[in-house]
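See the structures that follow.
Here come two complexes built around subunit A, the first alongside subunit B, the second alongside subunit C.
Up next, the complex of A and B:
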């Protein structure tokens, strides 16, 4: 996890809030560093993490996680991490008929299915184990990323239903957290993606939006991060708090600074 | 390792084989080197596959794309397990060149090839691959080319210090153990090299006629057949580590031509409201899943300029690892722009993946142009006037128009330098007046190298 980002968000692994939905959004840049941050954050906070990793392979997250101080292999063996590797599972589902319903069953269906098997998988992974002592603090669901589901033929409404079910189970029932990454297609007219993004942002408590710089590529500033705190369940008259920082990604950390205050400029 | 996820239990023999394969370091995204955790001693063995080398940044195993200049732009080469998507130029003239250089590099290195096309028989594609420049004579000519039209400053920047290793051409197996070769497309690759290589062809009209039982899912039948074919080859020949008897591991190079075109049965290039808009993206996803669990690399050329629904292009870009766009000047107003008169098109590096890393090797130079010379296909940033031009720079129309090698130079695009140029070489872009008239997509197939 990135210590600077923890300071900006005013959290640390010991005293994070529960029952929150965090939306990670990236526009014109790659926001996957935020996913790595939250993955290592919640593993260090001793949470039970279910990671639906649709975008990259397990070893990718493992190697980056090691740079950030967590070992995914060990976490998986201990039972702290339940990892659904989308790429590998898609190949299994596609080429072999499965006996029991597979989380990615919709890949075999001709028309846009629903994500019920995926939800069952998440619920099974995060349900509290009866009888044993409580080893983990609270459950966390991490999804990277949701826009891939749209590319695979699932409708935006079905994905929103899935998020709703997960939120009811993970955030409300189990008092855990959810972190979801959605790509923002920007000026490309991707209607389904816009529906999905709007739907999830209205339900989220915290939105982290990584944007590329409006002026283009820069060596020293990789992008801009907008942080927005929301209160979705309480209609409030007061404004939601919002902060904007620029960042530069390094090999093992990310440095944040105020707009225009990049160390290269000063 | 304990598979906690329920998806692990659903995996058949392939899954467990992959698990053992990943233990023995076959999956590409594992750290090479002595500090790799929990792996047995097969680390050094992997590096010894001909034509591959580990990346300096993250230990990823890389193969050459066939164009050393492009390798440099991509941070060393194409990583194994990834997809390189080339957005074709409008008349499909230059993208087959990149495609063929990739395949030719595979033959020269002794890799296994898998060529898939809906338009041409793969055997014909292989016949037309460019010949590698391997001996000293070619090297001397090449050096002359380099010297004649670069200023000394740009020469320093350009250094591609490849060591030529002389190997007799008749050798069976990897012809050269160097990483990255130059090709002369005015000559065909020697027939012996093709015959000595191991290749598989997928020609869609042949495969689609056979009545294989295919379960209905939303992919077009051509894509389903291609995926099954690729998966068969990978598992039969042990590229996913499932065949432990194979001592010598090799790399599978997959080349798919004109994916998404109507010849594949997909109509995303024809209509705005597509009947099945997820077919191509599903295909790419499953293909990437296959690649990630095997020692293979894939190049795909796609006519994205024909896709009217921009959202699909964005999704396709997100699902690919490396995306390069070619934009040729033929038929556009840039053809007569004096700034671009030495070049034949622009090359855009649209996306580079971050593999095993938070950062990626993005090049600082974003304005890159390419041009064809007799023996060199150059990628440059906009040239400064004052660079002496070689006299043999495509002067006049030729029958065989595309001798080519890629080469990288670095220049800044400075508009005010335009005034100094007095020679309008519009003729060298008029190398192909006939191309301009043939604007239909299918006619581009006439112009082979």
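Up next, the complex of A and C:
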């Protein structure tokens, strides 16, 4: 969890808002540092986290998580973290016996229909346990990342329906949060990705967009972060809800500064 | 003109974008209809009923009929709660009502319907709904039907958006500048020229519309009145200023190529002490000496 990013977003693990969908999007750079931030943020907030990790392996997230002060192996054993490792379980679809539909069942189908089995997996993972006292504060769904589903053959509307159902269950019914990462390829030909990105943008309450610098790679400034707040519960008179910062990623933290104010330049 | 959008009836298209969202304007127009005593139906596909009703007080909420397509629109939970016929079935059922009186239908959102239904089906249904009051041969008088559709522009190609736009009597495109929202309203009245107008507005916390003048002219991004203009001649190592005597001497200086009357007299009058100069010329063999003066005909 990056403390500077918490300050920019005016939040901390003890008093985060609930029922919100946060969209992480990256263009011409790698925005996965935001995924690691939110994973460690919600684990420290004592939330029950369901992580649909389609992009990297469990050990990758574990190594980075340890630098940020969370241990994913322990969290998984305690039952706080439910981890769907896409890279490993994609193979299980073919070699496992078919009792109930596998979350990644769409890989077997010639015509990838809908993501209902994946939604059922998420709902099962995050539903409150009856009969026991509430160990966790609220449920959180983390997805890294949604563009992988498009490249696996699922249609953009099917992915949007999956997000819709997750939002209805996680955000509205269970009063939890969702954090989704979508890549912005910037490619004008990729209409499906544009529909997906815009569709999720319209549903989200907070958009964090990490962009590479327009002038290219720089050693001291790794990129620019645009923060856009949307859908406040009460309409505010002033609609100035967007901020832009530049950042540099270090080994265990990320430092943020106003545009042009990098310490290397001053 | 923004507050009289619904008086014309027909389809009103609210086109919004990620940066300038349109749901608050939709809710403000719904509140206006409810306060006018109309019956208001909401086809809610994108937000939950609680979220849509939030911010309205109870007498408005009592007038709103919410058709919930948010919780389980595709019937994945396989329960009997799903409304039969889907959103279009609900739309047709609203129009088959027997009581006369104006009705407002809010579609939240038209984008959801366009992504899940064929464009032609949706356009036919909207045409049937919004032109119902001009349908001849119907014995029972039907009141005016207004349909408010929220459309997220970036999600659709130009074809479907163009088709919906041609069906609409009024199109409102949301935009803005520097934190101030604006609505560009294009209105097509029958047998009249389409009119367009831009209206700056804001939505108050109780979802009433506040019409405003645009952002003030002084607040242009180039000039900032809070920063005083910087004088570049301060803090220099050399002197750029002139004293009074230096300024007078500079002003009285005659430039070398400026032809004034004094200079003319000085040139014409030979200077004393200077002998006139002679030119000694030895003509060559090739020279053509013409005694006639070629400048004789000039009148100086």
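A few points about this structure:
Convention: the second predicted complex is superposed on the first by the 251 of 266 C-alpha atoms of A that agree within 3 Å, B and C clash if a C-alpha of one lies under 4 Å from a C-alpha of the other, contacts with A are read in each partner's own complex, and residues count from 1 in each chain.
Convention: a contact is a pair of C-beta atoms (placed from the backbone, for glycine too) under 8 Å apart; a residue touches a chain by one contact, two chains touch by 3 or more.
The model shown is predicted, which means the values in this text are computed figures rather than measured ones.
In the superposition on chain A, A:193 contacts subunit B only, with no contact to subunit C. Looking at the superposed arrangement, the partner reaching more residues of subunit A, out of subunit B and subunit C, is B. Of the two partner chains, neither subunit B nor subunit C is touched by A:15. Of the two partner chains, subunit C is the only one that A:228 touches; subunit B does not reach it. Residue contacts after overlaying the shared chain place A:147 against subunit B, while subunit C stays out of touching range. When both complexes are overlaid on chain A, the residue A:73 reaches subunit B alone and has no touch with subunit C. When both complexes are aligned on chain A by C-alpha atoms, subunit A residues 191 touch subunit B in the first and subunit C in the second. Those residues of subunit B whose C-beta lies close enough to touch subunit A in the complex are 1-2, 4-7, 10-12, 14-15, 18, 22, 27, 29-31, 38, 58, 81, 215-218, 227-228, 231, 278, 281-282, 285-286, 288-290, 292-293, 310-311, 313-315, 318-319, 354-359, 362, 364, 366.
If you check the complex, the residues on subunit A that touch subunit B are 30, 32-33, 36, 57, 59-60, 63-64, 67, 73, 76-77, 79, 81-96, 98-100, 102-104, 107-111, 121, 124-125, 147-148, 150-153, 183, 185, 188-193, 216-217, 219, 249-252, 254. Partner subunit C is touched in their complex by these residues of subunit A: 114, 116, 119, 157, 160-161, 164-165, 168, 172, 191, 194-195, 198-199, 201-203, 207, 228, 230-231, 233-240, 242. Subunit C makes touch with subunit A in their complex at residues 18-21, 23-24, 46, 48, 50-51, 54-55, 70-74, 76, 111, 115-116, 152, 154-155, 157, 176, 178-181, 202-205, 207.
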